[in-house]
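Below are two complexes that have chain A in common, paired first with chain B and then with chain C.
Showing the complex of A and B:
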């Protein structure tokens, strides 16, 4: 726990200039420079680095914490960062071939990655593995947002949850602090976005789908689920059906 | 001869990653489910070969799906372990430094004990003398609960034992740091914490309770397999599901062979 605090403290201003340097390192190195750099490292050492990066990403992703490229370079690559691209290519291939996972960059500006399930067929990926309660709660919230056209005011979400006997004002048996779970944990994991509505007094917030939800979940499947709940055809919600079909063809 | 890795293997591996540890019967069900989901050829008695395919691919990553027996119920379990770690670092990302120190001390107490368990009182005493940062009574209780929830320890009537997950994942580490001090089962050659010990002071071999149950099954007059003295302890009953898993006992002994050859292990236990 103390280790986690350390890394978040280091993500302050100085880090940004280092990232700019990294950009130059990656884009301006010529192939011969990379070649020479690679020759300095024994292939067995490179293999080990690939293994360490894979482990690093797996541990972070297991907690649904998105992985920052800067962290990979700082904590794992270290002096090997000149061959970062080659190591990452092998890491990507390993994830696909061994684990059936895809390393997806959800933030191309800050270079943040998550792992998504690439195995075709068979059910939805579990959003909170080992915790069906949390998965269910998240799914309900995402449905509310989706059916509302992609944005839902926080009061709407809280009121709907209250009807399901999940009250953010009270301590819940399974989820403990519901508000914290929804506005902090799910947001950190990039399943939800909790955004302040500008010019509101007192301050109001709204919920949107997070980047991870966009990638991991099929909107079409979600709509089909909602439709089944109401015993109706998914196409009776024309707007949502159009959005769901469009997003399906995008992935 | 081994099959190439397919989606059925990957699904199995993904499931192992989210579960951490599964029982042998759960593994069999999962094997069937994975093969059927991806239309792969399914042979119900080829689970170990199926896992071997995965392990071949995991080897460069220093990971392994390892089989082990629970000291409590004698059943086989499969756990996904990280072999690059030579310490309790497997837990490092989930616990603070002093909590890890407490875990190591608890493990010391358990390994040292005859019963293979540590009382909460003894653990609380350790918490008071930690080198990193002392833990108060309430904090200690909270951490112990976490250890149990995360499946590193089991708790019964205030006594703590190492879980099957802990033993499978940390066996390598324990053999390295405890060396001769750790008890080894005479029957299956794996680490034995909760076990019966031969009362002959010149013998002193150890056997897991489930191994005792299997070894002495049906014998009314049990004798120590090593020194032939009368075996004075109560012979436990084999659990029904345990007898179904007994066929895999030999293969698990093979898979869990320690780095040290078995002959020297028995020689060592005779000396103690």
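Showing the complex of A and C:
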């Protein structure tokens, strides 16, 4: 994460002006300007653009790394930037109606999108054929964080994982470099946040839920499974249950 | 420095110790720094304790959670007691432990399935067909080569020697007619003209000119001044000798051709039309 910040800082000036231009395009065009702009493109051309954006997002989603609006505009939209909103609305509709997926903007400030499933997980067909084991590991970490009130110290997570025979210092049969998987991949995918705790010496980190996890996971279902494992009623954890119910009603 | 807490009387022993310490007056900066550090520690500890105090429900114990997970994943426990102190773990997890957990926990996620081509990527397989094709190609090419020379020869023959053949044929005709009636001169026009085909007439004229050139036939004018043609007998003219050789250009047009046919009342060609090319080759 810190490495990323360094590179963006060195290129900050040109990138920032591009971002600013984008903002101006999107926020300051009046509806009549957009209308006129739309007339420049044939309906068939717009259809094609929509299809291209859909495919772009589907491919980007393979790695589960969120898609940035800037990337969509730069690589796919190009001159169709002026009708971005209309294209994206149609993209959203296509995802919902054709694929049963939801395109969610998880970061409205930086404009980052992810794809989540609109349909309930059936249970018979696995939705993540890639490396299903990772889902289990992710679930454990997210559960610890949630049950601990939304924040968990790094050490707590590692110690718990060690009990499950997952040691960040060693190579794991299934997950290989566990530390990298947890602190880098899961963070980039926005499942986790790995934040430095201020005023700690030596430096300590804590884990929180990432923006993707907030939208993609059902806290209630998570609590239900945790309760199942403990052979307890989910409501016995009152605070967590309250939080989970509230979150469920929001989605 | 006064340190106040917001929670009630059930303060832990540790907290009371901090409380007392901080009430004392501070005289040096170094002690102030130490106090600040203690304050941070105190609030952390306080937060921990407070959360446990205020929780209306069960506490969450990560260790217990881990144990339950291990059971779920199908841990095979060994007979001996585990030794907690050196961290040696008891039992071993089966191969599909994490898969099992993933399958159950997937339900909590609304994960979009990853995009991938259903039938895999397109794999072209050129090598086996290529070999077969090469082998097949080799056989016909050899045969083709064998055939080619003979065909070419024939081709060349027909092109170069067609004229010669034709000339020979015409000579044979001429000789035959002359042999039939040596005294009767053969009218040149009657000989070359083909009343049914103007082009054949032109060809006949063309071919007979070779005969004349080679000294195999001669054209002379008869008493009436009409050209006649006849074969040259052996010994009559020395080849390349200072013979009476004249040159003339014969031209004929369709109009004159028709006139001659009428004038001479030519009914049929003296030189029969050659067999068709297909028959020849």
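Basically, the second predicted complex is superposed on the first by the 228 of 251 C-alpha atoms of A that agree within 3 Å, B and C clash if a C-alpha of one lies under 4 Å from a C-alpha of the other, contacts with A are read in each partner's own complex, and residues count from 1 in each chain.
Here, a residue touches a chain if its C-beta (ideal position, glycine included) is under 8 Å from a C-beta of that chain, and two chains touch if they have at least 3 such contacts.
What you are looking at is a predicted structure, and each value in this text was computed from that prediction instead of being measured.
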{"item": "Partner chain(s) touched by A:133 [first = chain B, second = chain C, both, neither]", "value": "second"}
{"item": "First (chain B), second (chain C), both or neither touched by A:47", "value": "first"}
{"item": "Which of chain B and chain C A:59 touches, first, second, both or neither", "value": "both"}
{"item": "First (chain B), second (chain C), both or neither touched by A:165", "value": "second"}
{"item": "First (chain B), second (chain C), both or neither touched by A:226", "value": "second"}
{"item": "First (chain B), second (chain C), both or neither touched by A:98", "value": "first"}
{"item": "First (chain B), second (chain C), both or neither touched by A:117", "value": "both"}
{"item": "Contacts of A:202 with chain B and chain C, given as first, second, both or neither", "value": "neither"}
{"item": "Touching partner for A:236 - first (chain B), second (chain C), both, neither", "value": "second"}
{"item": "More chain A residues in contact [chain B versus chain C]", "value": "C"}
{"item": "Interface residues of chain A shared between complexes with chain B and chain C", "value": "58-59, 62, 99, 101, 117, 121, 126, 129-130"}
{"item": "Chain A - residues contacting chain B, complex", "value": "1-4, 47, 50-52, 54-55, 58-59, 62-63, 94, 97-101, 117, 119-122, 126, 129-130"}
{"item": "Complex interface listing, chain C residues touching chain A", "value": "40, 51, 55-58, 60, 62-70, 72-73, 87, 89, 93, 98-116"}
{"item": "Contact set on chain A toward chain C in their complex", "value": "58-59, 61-62, 64, 99, 101, 115-118, 121, 123, 126-130, 132-140, 143-144, 147-149, 156, 159-160, 162-165, 174, 199, 215-218, 221-222, 225-226, 229-230, 232, 235-241"}
{"item": "Touching residues (chain side chain B, partner chain A) in the complex", "value": "5, 7, 10-11, 13-14, 17-19, 37-38, 57-58, 60-63, 82, 84, 92-97, 99"}
